[in-house]
Amino acid sequence: MLRKIAFVVGNRAHFARVRPIIKYLPDNSYRIIVFEAAAIQDHGGVLDEINKITNNVSVLYTNISGSNLLTMTKSTGLAVIDLAVELVHDRPDVVVVIADRYEALAAAIAARYMNISLAHIQGGEITGSIDDSVRHAITKFANLHFVSNKDCAKRVIKMGEDKKNVFVTGCPTIDICRRLPKNDPKEIFISKDSGDYEKRFILGDNYLLVSFHPVTTEKNIIENVRNFRVLLEAIKIIGLQTIWMYPNIDAGGDILRKEILNFKSMDKVGKIHFFKHFNADDYLLLIKNSKCIVGNSSVGIRESSFLGVPSVNVGNRQIGRLRCQNVIDCSMDKNKIINAIRKQLIHGKYKRNEYYGDGSAGKKIASILEKVELEFEKRMTY
Amino acid sequence: MLRKIAFVVGNRAHFARVRPIIKYLPDNSYRIIVFEAAAIQDHGGVLDEINKITNNVSVLYTNISGSNLLTMTKSTGLAVIDLAVELVHDRPDVVVVIADRYEALAAAIAARYMNISLAHIQGGEITGSIDDSVRHAITKFANLHFVSNKDCAKRVIKMGEDKKNVFVTGCPTIDICRRLPKNDPKEIFISKDSGDYEKRFILGDNYLLVSFHPVTTEKNIIENVRNFRVLLEAIKIIGLQTIWMYPNIDAGGDILRKEILNFKSMDKVGKIHFFKHFNADDYLLLIKNSKCIVGNSSVGIRESSFLGVPSVNVGNRQIGRLRCQNVIDCSMDKNKIINAIRKQLIHGKYKRNEYYGDGSAGKKIASILEKVELEFEKRMTY
Amino acid sequence: MLRKIAFVVGNRAHFARVRPIIKYLPDNSYRIIVFEAAAIQDHGGVLDEINKITNNVSVLYTNISGSNLLTMTKSTGLAVIDLAVELVHDRPDVVVVIADRYEALAAAIAARYMNISLAHIQGGEITGSIDDSVRHAITKFANLHFVSNKDCAKRVIKMGEDKKNVFVTGCPTIDICRRLPKNDPKEIFISKDSGDYEKRFILGDNYLLVSFHPVTTEKNIIENVRNFRVLLEAIKIIGLQTIWMYPNIDAGGDILRKEILNFKSMDKVGKIHFFKHFNADDYLLLIKNSKCIVGNSSVGIRESSFLGVPSVNVGNRQIGRLRCQNVIDCSMDKNKIINAIRKQLIHGKYKRNEYYGDGSAGKKIASILEKVELEFEKRMTY
Amino acid sequence: MLRKIAFVVGNRAHFARVRPIIKYLPDNSYRIIVFEAAAIQDHGGVLDEINKITNNVSVLYTNISGSNLLTMTKSTGLAVIDLAVELVHDRPDVVVVIADRYEALAAAIAARYMNISLAHIQGGEITGSIDDSVRHAITKFANLHFVSNKDCAKRVIKMGEDKKNVFVTGCPTIDICRRLPKNDPKEIFISKDSGDYEKRFILGDNYLLVSFHPVTTEKNIIENVRNFRVLLEAIKIIGLQTIWMYPNIDAGGDILRKEILNFKSMDKVGKIHFFKHFNADDYLLLIKNSKCIVGNSSVGIRESSFLGVPSVNVGNRQIGRLRCQNVIDCSMDKNKIINAIRKQLIHGKYKRNEYYGDGSAGKKIASILEKVELEFEKRMTY
């Protein structure tokens, strides 16, 4: 009998890890459980994308509105409840969770408390902020670990995990990076996917991409606004066409979205274009062709290293993550950010670095998920 | 201004760790948040005990009835929600959670997701079962670690925790063990606290104490019943007066309670006495004076080692926990259990072993909680 | 295509209304959604009974432990959430809810908020306490009303419901009453179903049946205990063999169960036998053969009138319910209760009264549920 | 001792009923419990307005994101849970709920299940849709009824409520209507309150006001979009300056908001201005000065009748509500809507009608809440 695999997808980035895996799985062997932000994204969002690929989808509404620490925490609790009920309906043999966001832990708890085997993608990395706690806590629940590289494997094993359950597969998003079209499109058609409405403009080949998220552990949420404004000022002074991604729904996200609306309503020059989301292919293609990626998203460290795109990482959100040579770090200071970007613009493309994967993760993970002996108990080694 | 400390208490064992600490804290500096089993115990239960000591108590009803894996998981989700709301009302500076039960993780998540500092008692131990995952996951969230001994400290640090946040204090229940009355009471008065009803009998000085809980990760819940019956047969053959504790509310608990009722209704000899709970002092005194403690509770490994009481540990529930020389391990086989108990009865008392603490934990922990600089972010070391 | 009917069952009494209906429905046309008390009853409980009859069962764990007003209210909220998710999985055409307990309203809300047609059994009755509010609130949500008699129909219509949606079918439990075996068993074999353990004794033909539940709207929960003790004293003085049913899980139930345990442990005479539950057939047969039914359960007013069993109704719980000539009402006064019981013992059996149904409700309701045009909107008439 | 009154506020319209009441209450006698949409509105929203008036505010995050029937239902369940916990913290003597939205019932349940007295404003009205069921269900729970007029009182009493608990006070929003400034402002300054960003323009004295909400009981959510577009076409053809309010968060709200964004991005003429919200004074002043109010909001029937503003009510959402002579009803047909608006523009202002209140409701309700004897049980009369 086919093994039943459930992938738990809380946002667009999660699905970008899942899609390269399910490509190698028979359609009747898996189910996508969509929850949190992924369940409520606007039309044109990740849910539409998933529905195009498969009918094996369950949608759980677990996000409590408010975008603050309390609602983030309550949403996690509600997600545990809803996932538990869903797992009784689905009865998968193994649940796969991704990375380190607050809601991913809900899925890990639901699976393992109910004696279902758990696989984790992207364990052993380091970043900073609450994400570290979440990621390593999931590691302590997982029966199978699909990690990006040997450093991650080493860290997972050091935390007491059994070597035989740790697989260095690379990160599946690198699979997508590897398969991006070679020729750079001179005109980017930005369609409904982009959020508010259809919009088309010639991006040219000289643009920046910015992705800046709230830091949920900032003592003062206002700090996030201050930092957003510093970054905005810097980007304005650089003066290039810029694609700027909306923040995620974490605590503080609402207030940054407000800032964006304020800026948009007063913007005269119109060189900064804000977008809610792209599908993973378009997004990574936009990054690949950009002159520099700026912000505090993990994509500025992980995928950009494979793509060889110059990156300026600002603030503390990615503080612990191992960066390759394409990243310049920068505190939240306008002039420092400007200087760092200019330095990157002069430098141009870096050499491809396969630290986060070589493009074969999906196939490897699919094959292991199908065949490895599943355990429901864990033994740790010390 | 006084620092505000919130202790989260999910069961009687949790409060046995908390009581030796609050003894050293000013009454207006702490609050006890009671939830899960501790909130719903019968009158005479731990909640009554807590209410006698302090008025700073919040009671959260988070246990969803059913005593199965699904309700255990849903209860965890509901606990995250209720604790989050409670922490907004209380606004403590630091939250203290105990050990490794499923509900303790709910408290860790609620605290740290809301940027409140987290202290953890009993990190770094090893047992087996899902408890290991829960305990180490809490460690990954905790800012302060109060561990039982150097082995535990080493393990916590190996998992990436910063040495300066790990304190070898011993376990606070050992404080209670140290202060137990010296003279062995020949008659044990077992009152309302004992569960169903008032009962008084002369226990004498030749009795066993049994504590046997369901193993939630058993593939088949029936396995727990089978094991219960094996143990019961063994104890009947030993033929001594026996105090047998009811199981906890974990998945499988209901079915074991049913077994107890069945047995009670057919019991002719009446040497086995079942009890729902005692307060910690009475319980540890009963253990101290027993000839042997039998079962799969941690008390048969941890507190018994300090008390020098012979212990027979059955099955896998405590598989990884470091035991001192007073413990004989035993598979779930009737004859092996009988032989092990007989061996222990012949051996008699062991020497006190301070591996799990020397009786000064409460004072040490209280002092650190009051004075240590609290962090809200964590940095891990690798 | 077959219409899909979902019956929502929260306790044993609910299922006693549902069973006579599903008898007339094709097995693949309905589903039983079991929740609240019905989901967590001990083995031998109503869930076992349901599972014997059909596989179309969903079990939702919605009861939050504690048996107090807060947990009763929270359980209702959790039931709304779980039922909503379940209805998405099931997608029934019509949901059927029973009577007036707090959890029944949760089902009514879940169905109608999600635009599913709602049928209600036992609308238009009057009792007293919060039950009146719940029952009539459900009436305001229901699209179809299956009522016991013309008085109920009149009341439902007066509240603004459309005449064409109100069906006088009688109550389905009367169907069971009508079909009870004619010959009175002299020996009652009371088996595992009875709660704690197997028990067999000769009941004879001279016994009382007592059913006494907490009144959740008593200002002081202690009032319930006082009343319980008054009733117990009265029954002891009557001195007959007595079958006494445990109270339900409403707020206050725990404390009455405690009282029962206390009494049992001190009972010398042993004429009062406490039982957790019987299946509906056995229960109604026990009532039919009893000399008098005493307490504050609706069965002492509704089913007893059809069975012609003398009934003494105590306190306010059933204050508004229309009683037939077989009922003597009584305040919570020991001597008044004793006198009322004695009067009934002298009187003996009453004539059958078909006020609450004539035994054909199941067939009628099944037929309407299958064929009536379902509405999803409601128009009220004023 | 001062009686403690808790007002439960789920949206801006609720607070417009509460504000005229608390004006007459001592500040330490009441608390505003803010939940659902009111808790998550953007800055400048109703929560800011409330915080300016009093510090006695509790904010509960109970809205589950998604704006569909499932999330609406789940939000109701979560609201019951959160309100129950809040009422334990607050312990009010009486809870006041407003009107007929899905979340208001959650407050009614929480209060009465916990034996707290319940007052209801706006009972006995008729509209259509699920709102009727909700409103009358709340009536069945309420101990006190503050109704708009004698027709409402009659209906509430007919449903079995005791005459002595029904008070014809008028609706408190009419109090605000009565006190609006007399002189019509020629320039409307529309500030941050208006949603996205600050905006100022000369409205003049020749404009329409449109308020159109999704109908949650439409079989097909697409129906709501179709109707929105019909209305938009009609308004474009009328060609006047138009203030158009965003829809509420009910199921279907998201999709209408999307429509608005689509329209805004293609709008060349710019005569239609969309706004998220105004405070009640500004909103009612805008209505007062408008040439005609168009849509399916209750304000087009209730407040407009007192203000004498011509109103065109479209579709079924207000189907059962009693309208005064200022309202023309209209199906969702473009030409019919255009004709109805033109007819109203020609007619101009109507005479004030005090059917929904005379402007003294706040004072009357405050006085009754302070002095009336509170009941916790209900007796219904039939």
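Letters are used for the chains, namely A, B, C and D, taken in the order the chains are written, and counting of residues starts over at 1 for each.
Keep in mind that, in the parts below, a residue touches a chain if its C-beta (ideal position, glycine included) is under 8 Å from a C-beta of that chain, and two chains touch if they have at least 3 such contacts.
Remember, predicted model here, so these are calculated numbers, not experimental data.
Student: Give the label of the chain whose average Cα location is farthest from that of chain A.
Tutor: So the farthest one, by centre of C-alpha atoms, is C.
Student: Select, from A-B and A-D, the pair of chains that is joined by more C-beta pairs in contact.
Tutor: Pair with the higher count of C-beta contacts: A-B.
Student: How many angstrom lie between the centres of chain A and chain D, each centre taken as the mean Cα position?
Tutor: 41
Student: Residues touching two or more other chains, restricted to chain A: which are they?
Tutor: 70, 74, 78, 81-82, 85
Student: Based on which chains touch which, is the overall arrangement a line, ring, star, complete graph, or other?
Tutor: Here the contact pattern is complete, since every chain touches every other one.
Student: Which stretch or stretches of chain B touch chain D in the complex?
Tutor: Residues 81-82, 85, 89 of chain B touch chain D in their complex.
Student: Considering the complex alone, what residue numbers of chain A touch chain B?
Tutor: My answer: residues 69-70, 72-74, 76-82, 84-85, 88, 102, 105-106, 109-110, 112-115, 126, 128-130, 132-133, 136-138, 140-141, 155, 158-160, 216-217, 219, 320, 376-380, 382.
Student: State the interface residues of chain B toward chain C in the complex, per the touch definition above.
Tutor: Chain B residues touching chain C: 39-40, 42-43, 61-66, 68, 70-71, 74, 78, 196-198, 254, 258, 261-262, 264-266.
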